[in-house]
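Heads up: the structure comes next, in structure tokens.
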């Protein structure tokens, strides 16, 4: 067996990969949120029992959403190559990974958001409806604001799922922690790199989760049981 | 972006093992002699390096064999060309259950890599050792087995997974680099080994047709075929990777 | 202002409204009362367009609002303030933020909005709770915020479903004053669902009694109270039959209902004086319906001309409802 | 049965309870009244162990329940039925399922549970709504289910926070009858928070008035009503000062409070007879506190021995609260 | 170009792969639910504002959960090889894929469940607490029952995410639709197989989503806005 990678090298690998992961996941989360939340809102508005029920639109939106959600990452990547090239001017590297990551995450966020919005208390929605508020205002001031803690938690779930997905960034040369674990650790049978990357991933994820939990709680004005 | 202009850094797509290591050796130690700047882009996939080459995201790649390149050009009609071979990773058949080829039992489970290139090579290795006969097609897969007297059960797995699953099969066809990394010795542990000489499955440098005569590509090909690289490969891989 | 015609609404087999016809004149307050489950909230929700009636029409200011949609519907909604039954505040917004909601819907700009919210908080006595969130408020405080919210955008119609149900008498009084002022000063038309007869007594011009989805009584409160047999009069007027004073010492015993200052203040002494009878109040009492004093007294009369005195009271506007003792009545 | 000692509780700067001391004897009903935001619900929630007090002790049946936890806490909770303020039903369970919850907690087996739920549905008059879900019930129906749930497991203590707030007078009456029977027949100790003086009048033995987190009045209802200055008496007794009958025709005018059958039925005629005075009721009226008739009358007396008659009434148990006209009083 | 795969062959590929996918995803969903729901419950019970707040336990559970969520599939697979062999008697094939799929999905379900349970209305929980119900009963009768529609939706999200993940089953020879799309379609440049698999995946996913939406709605006894 080959001698183990020296620790300083491991650290520098980790630092670089962490940067790539944060970049890919960060940007794709922002994009997924920017598109996924409106998608979820739209899904919920057009759903049965929504504010603007419209079975036809709902079914089409739902089909596209579910299509995106079940697509294997590689299929997305292939299907999106030309889109990616158009948007980021190339089809390889971390930046190019963002496109399929975001596209995969948008429907995921959309469905989570819809599920959350559908739980907003009907009496509260009705109270807003009776003020003559426009649908847009009800969406913003009621549906989204009332479920903000849950939405923040859902974005947290998405970020962490994206960290997992970004491990496949290596398919188009994107790098990042997951790819480091796979390429340097798994494929090269380098246990030191594999397990230190995994351990660091766990720490990083826990920190991210903590941040989201805190943010969700900070945004919540409700009383929670103290018994 | 069509990477034509000569002052540009040469972007080369590679597979992680051993291609990336070999190319990094060249980039770090030899490229300066020729005034070359090389950017190594690693892919864990076998399609994207070609796709990226075609769309201009890469200037060259180094991960594939001639038969694989032929399949790709035939399917896609893309204008990419073989430049020069660099190394061979001889496949070997390994087992934890039997010591000799003919001890392989009836209905034995045999694992193969599940990517197109290595699957075909693996099947050809089995054919060369008289275990099966293949139909006369271009790139035979497990579905193209014509004769299978031992009724071998083929299990396609990801290449890097093969040594890890050796316990669960009767035998597995494993790439040299993965075998060595997993602690196997190709020379002594294998039941059967691909020949290095005249092996059509050499991995080599590929570029777009338009760049075939670009000086940078020529220089890179020359460096990859240099004695220093050959020595590096021999020292680093102990025979699981063989310079051509 | 609000006309409800033959409204029906049922939920899987439950006929919540069974052909309800009602109308509320502009600038008046209608109280809707009736037992639990009678359909009061369903009626209010239909008028608030939160429930689509199965059949029937609802006209507000002449327009059939059940036919509206889109921006016409939203505009109509802005004219109708609603205090829903039960909790309906946004739990993630402060008290002030909740009150601001209709103002935002109406596009009122920031500074104006803030000053209006300030006014409303003051009106419901919760200025110090402006920044509190619903979960930090008591039940009654939440209810007052809901009332303030309904009034925020100066609606011309107000629907209030049990707006004082969680409030103590004093706070109830102040909320009712708020509603009454909205009617008196701004001409708001109010439909208030309540189980509290005090509310009807204090602010309602009209009353509708609902039972099992039907209107069983509907009219002006002041008319209904003079009608001995009406549910409204028995519910609103002071009870007369609890008084244990021996009635045998009187020649005549009768119940009279007197409505208005003139009647209540002067009729009885005048009658006593005119007919030279002794006239004692042996039961009942006085109450107010809005600003109007209304009395139901049980009178004990002594004197020869007692019957004439009673007759005269009846002619002068008092409703002599029952002569319990004497020729026309039955001995107690 | 329930003893609360020097309880304090504050929420970020709001002193909801400010040293509350109270006790409720076994088998009695305490009414807690007071303005919105006074701390009534906070008190009830502390006793229900839903809120940990900042300091002070709460003893139920001698045990300091704030010190309990684990299964002892759960056992204590099973002894305390709670009707929370506002909506608290499981929205995914039927009315019957909601009532069954405490029975499940107590481990009551299926058939028994079903029959007990049937009884309770009957008790609150909602047998036909057994299978309805909360969102299919009216506000008052939901409230009655919450009352039934609190009583389901035969608790020995019942805490009810505004149990009749959404109910019409009739349904209120039937819910109060349920509570009263629980006290009378099963010896349940009840603490009821209410803003409805009718509730206090009908079922409370004791009353505590809370204001800004402090108990400002606490005692037996029948004692407090006789105390002219108490808030309870002014809130519970019929008003006397609305009557417009000219008081100048009497020698003496005084207010008396009479408690109990004997007093209310016989004291006044007896006084009139004994002292040969003419004794007219010019205001006030009669009400009931529980089963006890209580009257506050404004009396107009004519005759020389009017003062003696009033004195005698005072000695005989009537509380002569105010002599408005005559030597001891001020002319009206 | 090679002649396209004949349609009957495509269909038989699809049938076989669909069977494998349903098997892998079905079994791993059942396992993920069986373990993920209790995990989510436990997370919520021990959380701040939960019924049995316990910061230490919560933090440890959270760490394990987050560890599992961000792990790339391949890492899970490697880390779990011996566990898999112990449980299913081998480390290759569809059955072996179930173990890492389920292990990856358990913490995902756990976090979704926690997020949902934390939204149950505090007054309802308190009402149950005052009945003296045991924590277990409150969990079953209140937390879970009250949020059942949301939980069903979350399992739906998980099933579809697992369909996506199961595309990586090929790493250890698991097969299934995603793997068919990748290996036979993408890697072998067989567009007919690639796109018919993708289309079929989309249809299948939409049907599954529809089933979950229906089930969630059927389990819901609340009124929803009709305006």
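By written order: A, B, C, D and E. Residues from 1 in each chain.
Assume a residue touches a chain if its C-beta (ideal position, glycine included) is under 8 Å from a C-beta of that chain, and two chains touch if they have at least 3 such contacts.
For reference, the UniProt names are A, E = Methionine ABC transporter permease.
Owing to the predicted nature of the structure, the values given are computational and were not obtained by experimental measurement.
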Going chain by chain, each one touching the next, work out the least steps from chain D to chain E.
1
Pair of chains whose C-beta contact count is the highest in the structure
A-E
Length of the line joining the C-alpha centres of chain B and chain E, rounded to whole Å:
36
Whole-Å gap separating chain C and chain D, where each centre is the average of the chain's CA atoms
25
In whole angstrom, the CA-centroid distance of chain A from chain D equals 56
Could you list which residues of chain C touch at least two other chains?
49-50, 86-87, 135-136
Multi-partner residues of chain E (at least 2 other chains):
78, 122, 126, 129, 186, 222-223, 226-227
Enumerate the residues of chain B that touch no fewer than two other chains.
47
Note which residues of chain D are touching chain C in the complex, please.
11-12, 14, 33-38, 40-41, 85-87, 136-141, 144, 161-162, 165-172, 195, 197, 235, 238-239, 242-246, 264-265, 268-269, 280-287, 293
Contacts from chain A onto chain E in the complex sit at residues 48-51, 62-63, 65-67, 69-75, 78-79, 104, 108, 111-112, 115, 118-119, 121-122, 125-126, 129, 147, 149-150, 153-154, 156-157, 160-161, 163-164, 167-168, 178, 181-182, 185-186, 194, 198, 201-202, 204-206, 208-210, 217, 222-227
Write out the stretch or stretches of chain B touching chain E in their complex.
46-47, 71-72, 74-77, 111, 114-116, 138, 141, 155-158, 161, 164-165, 167-169
Which residues, counting only chain A, touch chain C once they are in their complex?
123-124, 126-134, 137, 141-142, 145-146, 148, 219-223
What residues on chain C touch chain A, complex-wise?
48-50, 74-82, 84, 86-94, 101-102, 104-106, 133, 135-136, 146, 149, 153
